[in-house]
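In what comes next, chain A is part of two complexes: it sits with chain B in the first one and with chain C in the second one.
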Partner chain A sequence: MTLVYAGLSLGAVYALVAIGYNIVYIASHSFNFAQAQLMMIGAFVAYAGFVTLGLPAVIVIAMAMAAVMLLSAVEERIAVRPVADHQTQLITTLGFGTVLTGVAQLIWGTQPLQVPFPLGSKVLTILGGRVFPVEVALVLFAVLLVVAINLYTRRRMNGLAVIAMSQDEEAATLRGINVRKLAFAAFAVTGLLSGLMGVLIGPKTYAVTTLGAALALKGFVALAIGGFGSMYGGLIGGFVVGLVEQYVTRYFGSEFSTLSVFVVLLLVLLIRPTGLFGRVQERMV
Partner chain B sequence: MISGGSDAGPFTDQLVTGVIAARAGVKVANDNGGINGRKIELIESPDNADPQKALANLRAQIAKDKPDAYLVASGSNVSAAVAGLLQQNDIIFLDSGNSADTNKPDTNPLAFHLAAPFRNVVEGYLPEFEANGYKRIGILNGNSAYAKQFGATAEELFKQKGYEVYRVEYDSAALDMTAEISALQAWNPEVVVFNAYGAPVGYVLQGISKLGWDVPLLGDTSVTSTPLVTTLPPDGLVGTPEVANLKIEVTRSVNVKTANADTMKAIEAMKALGEIKGSLNNCLNYDAVLLLAAAGNYAKSTDPYKIAEALLKPEVYENAGTAVYPTYPYKADDHQPQLPVDTHTFVPPSVVKDGQLGHDS
Partner chain C sequence: MKFWAAVRKAPSWTFPLVLAAVFLALPLFPLDYTTSRYIQLSLILAMVVSGLNLSLGYSGQLAIGQAAMYAAGAYTAGLLSKAGYTDVALHIVAAGLAALVVGILTGIPGLRLGSWSLAMTSFFLVLLVPDVVDIFEEHTGGHLGLSGMGRPTIFGYPLTPTDMFLAIVVVAVAWFAIFRNIVASRHGVAFQVLKQSPVLASSLGMSVYRTKLAGYAIGSIPAGLAGALLANLDLYLSPETFGFHLATGALAASILGGSVSVYGALFGAAIVQFSNDQSTVFAEYNLVFYGAFLLIGGVLLRGGVAGLMRTVIRRLDRAAGIVADHGPLESTTVEMPRIDGAVLEVSNVAKAFGGNQALRDVSLRAEPGQVTALIGPNGSGKTTLLNLVCGFYRRDAGTITLGGVEIGHATPDRIARLGVARTFQTPLIPPGITVRDVVMSGRYTLDRAGYFSAILRTPRFHAVRRRDRARADEVLRLVGLAHLADSEASALPLGQRRMLEVARALVREPKVLLLDEVASGLDEAEVQTLAAVIRQIRDAGCTVILVEHNFGLVLSQADRIVVLARGSVLAEGTPAEIESNPQVRDEYLGVAEQGAARPSGASVTVAEGERA
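Moving on, here comes the complex of A and B:
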């Protein structure tokens, strides 16, 4: 069971990256390749709050969420909005992520920094498997976040507007939805959540400037396995990547770990080109 | 001339300290009279350890005023990039990056390694195994070129010496080591030898704690270079249960209790010029300058071939006053320092101060 928990908790980390990609993708059909770096900044802010400033958890969480939301809003203004097409946005958001990594190196250095977890670090034994409290929290948070986002997009007017936008931007505009405002809000909300994700990820991965690069690719694979635009897909995709990595590493060696993840991705895409939960959009002409 | 200088990047501390070490070496050597009565001048190449920049700066310097010797402050990428140009221009190269290109005495008699050879670092484990009666050795190494070479050399040497060995490799970009450590645990070794730098050190220690595995751990010199194991909480792990079973490999000069007078003199010289970040192992350029000065004075010349010849003489490398290693025994057919087996030792993690471990408070 320890290996299952390790796979699920690692998968939850990838799923959180995929969720961040998805929110922006659903709202604006663009990929925010700085998503993993935003989460990395969240982890560093958590370190600064807990360790450097000695603040209580609630304030640290609020601080991380606010800081990363601000950065995400700035990103939307300088790296997304001025760029006309989505392909170029891949480059500009990637560039923004690189800038974030550089700034983090200048402020916090290049060595891993320990981020404390408010609920402790004593190993728990659950159903015969051993797991850190933060790993349990990561899995629960990823699942609850996906459920909450799904409920919000189905039951709230703003959520429905985002779905409408993702399906047909022109039609949504004609129905009176302020598409630009909503796309900006999606970025800001992603930043808000990324700050919170950073607080949770930091105690497992450390706050370290290589975190962005380590998470970006696997998070994207989780998204592709699950299907672009599907929150549940991103979650399942993350868990699949985490579990495959752990089991292949354990029984075949780490040299096959990344390879096997891409084999799974290829198999999924061969059988379902839109990913496990992706939807095909048909249009009559 | 020294390649170094850095504004930002993963090797900033190493680069800054490498350059400070060279400056201190120059100061000490010049205070001792320089080379044949002439002062040594250090030309710094601010290249962030970027091989292209280092090469361009070296070309420009050769065109302007050819340097007599070249040093690098970090890694083997710069070494590999500049080795050919240095050889073409008959410039002595004391390489702390230990590039494969700089230990070819037949074709390049002017290049020498400064850092301990892999085999020497690995041999340092044998007295520890013997002292504790370990017979079954687990090895955990990363997948970078250095880490793979460490793992392969350790596996080969330990098997040669009659130990049972099981080796597991981890992906240096991985964020969780539970699977790798489970695989190693299933084999039930008496001790685990591991190589890691930066966050992977933490992931390995986390994984062992999570599995509740009570096994002695011996970290290599890369583990020693990671501040996580040489810093007190909350930033580091010194004194925490995670490192209770850990011992880390250090050269005797890095251990304050076994360091000699030459080492302490070097530390004072470096402290006067800036902070020593990380361990003293980043300060090989101090030794490089002192070796050059001793060889030049012995040869009574700055001719590179005469200096290279002098570097092979025991009266030069044993009396140069070097700090990281007390001696650099080079051979005509092997330009790696053939260091004694007891050059390295194992100590529990403690706070690093002025490049050394083992301070009382």
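Moving on, here comes the complex of A and C:
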């Protein structure tokens, strides 16, 4: 069971990255390559708040959320909005993410920093498996977040507007939806959530500058398994990646873990390119 | 300005040749170690970057994992050298092949999806490099690095550092010559067509998948070559060399230099290598710089430095009074060669999108030497029918035959090669290439002249090029665009872009020509020219299918008219029969209007709105 818990909690981290990708993707059809770097900054801010400044948890969380939201808003303005096509956005958001990594490296160095978890680090035993409180929190948070987002998009007007926009941007504009404002809001909300995610993943992954690249890619695998735009898909995809990685590390060695995730990605792309919950689009001309 | 005019008279390859000569002559001068190493590393990086330019810039594939191919090449050379084979020529060949294999194997799944998926799978490769190196630790030295390589030799002669410098320059020059010959050929234009639109590429008969794979595969070779050179330069390899730092650095260099350029790679690489070489304090800012390069390059410098250079050259040209030579303006009466049309027969075809039955039980027959018009209100299924004929949609029921042969469920590119050509509602014209190149791209699959003949500029390559050019000029005269042959195609106004699409379809000598709302957005004079061109195509023997809203044009040009309404055939007959058919008047023209066509302007607006 310990292995399952480790896999699920790691998977929750990837699922969170996938959720971040998804919100932006649904709202503006762009792919935010800097998503994982935003979360990484959240983790560093958490480290600064808890360890360097010794602040209480509530303030640290608020701080991380505000800081990352700001960065995300800046990103939308300088790296996404001025660029029309999604292909170039991939490069500019990658550029933004690289700047974030570079700046984090300048401030906090390249050594991994341990971020404490406010609810303690006493090992719990559940159903015969050993698990850290932060790992339970990660899994619960990912599941609840997905459920909440789904409820929100179905029940509220704003949510429906976002869906309308993802279907047809121009049609949404004609129906009086402010597409640009909504896309900006999507980035801001993603930033807010990423700050929170950063605080949560920090204790599990450590705050380290290499986090961005690894999380960006594995989060993408989670997304590819689940299907673009599907929140539940991203969650399940994340868990699959986490479990595969943990099992392969346990039975074959850690040098095979990333390789195995890559194999999973290739298999998914070859067998079911739209992911488990994705839809096919036929009209081309 | 006289000086500039003289400079521009020299053939375009003189400048790279001079640059190559300068590089080769450099060892004659006393170079300090740092400068010489900087030049060598820049050239090596430039090769990696040029691979990115080919796959990302020219073919528009987000294959950005060149660092992994670089590693594959480097380790291949390193392992060969450790095993006692120190010949650099052997290393280069083996490393190029290794990079090609890695590129193809990992490209296939990503290319099926394109865009982000390819970006991610190719970036993922970079993440895998240290793991793979660790797995084969006993050979590769794992994270400690690979050492123990022998001194490089060539055909048995050991190479001095100066020889190594020359070897790097020679390989880089050779590669850039190959690269330039590929992109300045029909293949380069084909890559750009694919980048603009896979739909367009397949309707010109190109296999989208194979063209993509070719771009990606060829782009991985220089990374392998560069890897072999690096291994022999340093005689030591560490997996850290091939990490994200390199991957983002190469991408930044490509964007900065201009992805759609040949020599921009050299410039971008020189800048990035320069920022790499700075003292360690400065080096800490490297990532920030790369990121900023990517951001600025992506947002502001759309064409990179190469793009800026092109603008400067254009300005200087204008100032020096050099204008592209237009040739005499000829009249549009050009003799059309005979075209062997084929009967296109659609029988009982049905197609549904989800619950929406777009077409049910539709049949029509289009004869060679006739214009068959397909009309109907918006949403009646005209374009759906065209897309079924072209193979972009799979039909649910029915058969489509071309010249009596069932086309089955052939792919769009196969159908195009069988002799079906088309134009698009919204003209698809790749940016950055000339009108003549656009027309010539229509002939890409007619004559075969492969990559090797382009690289070596064989007589066959020149023969095919001459024929393509002659045919393109002929067709351009026919549609009245001959005087614009050297202008940038995507900058033309809508009417001329539509005519250009007709020319591109016509240059393929198609059996069946499908014109999809080709008159919308044209003014009165342009419609007249178009009508004359359509008549000539028909008289030459081609089977023409005209999908049109301009009722006047349809009545005057069509030999037979098929009226679609709500997915099925409402009426069929000669223009006179259709014009007097009360059902058609009711359905399509509106009862109040007596026989007259709607103003074409109004129908255009409706059509555009529906499409948006």
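Assume the second predicted complex is superposed on the first by the 273 of 285 C-alpha atoms of A that agree within 3 Å, B and C clash if a C-alpha of one lies under 4 Å from a C-alpha of the other, contacts with A are read in each partner's own complex, and residues count from 1 in each chain.
Everything that follows uses one rule, which is that contacts are C-beta pairs under 8 Å (C-beta built on N, C-alpha and C of every residue); 3 or more make two chains touch, one makes a residue touch a chain.
No experiment lies behind these values; they were computed from the predicted model shown.
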{"item": "Joint occupancy of chain A by chain B and chain C, clash or fit", "value": "clash"}
{"item": "Which superposed partner A:T2 touches (first chain B, second chain C, both, neither)", "value": "first"}
{"item": "Which superposed partner A:Q87 touches (first chain B, second chain C, both, neither)", "value": "second"}
{"item": "Contacts of A:P56 with chain B and chain C, given as first, second, both or neither", "value": "neither"}
{"item": "Contacts of A:V131 with chain B and chain C, given as first, second, both or neither", "value": "first"}
{"item": "Which superposed partner A:T258 touches (first chain B, second chain C, both, neither)", "value": "both"}
{"item": "First, second, both or neither for A:G120, with chain B first and chain C second", "value": "neither"}
{"item": "Contacts of A:L106 with chain B and chain C, given as first, second, both or neither", "value": "both"}
{"item": "First (chain B), second (chain C), both or neither touched by A:A214", "value": "both"}
{"item": "Superposition clash, chain C versus chain B, among 9-17, 279-287 or 513-521", "value": "279-287"}
{"item": "Residues on chain A lying within both footprints (that of chain B and that of chain C)", "value": "102, 105-106, 213-214, 255, 257-258"}
{"item": "Chain A-touching residues of chain B, taken from the complex the two chains share", "value": "8-13, 143, 168-171, 173-176, 178-180, 182-183, 198-199, 201-202, 206, 209-212, 226-228, 233-237"}
{"item": "Partner chain A, residues of chain C touching it in the complex", "value": "60, 62, 106, 109-110, 112-113, 115-117, 119-121, 123-125, 127-128, 131-132, 134-135, 199, 244, 248, 251-252, 255, 284-299, 353, 383, 386-387, 392-393, 424-425, 612"}
{"item": "Partner chain C, residues of chain A touching it in the complex", "value": "31, 78-79, 82-83, 86-92, 94-103, 105-106, 170, 213-214, 217, 220-221, 224, 255-259, 262, 265-266, 269-270, 273, 282-285"}
{"item": "Of chain A, residues touching chain B in the complex", "value": "2-3, 6, 9-10, 13, 50-51, 102, 105-106, 109-114, 116, 123, 130-132, 204-206, 208-211, 213-215, 245-247, 249-251, 253-255, 257-258"}
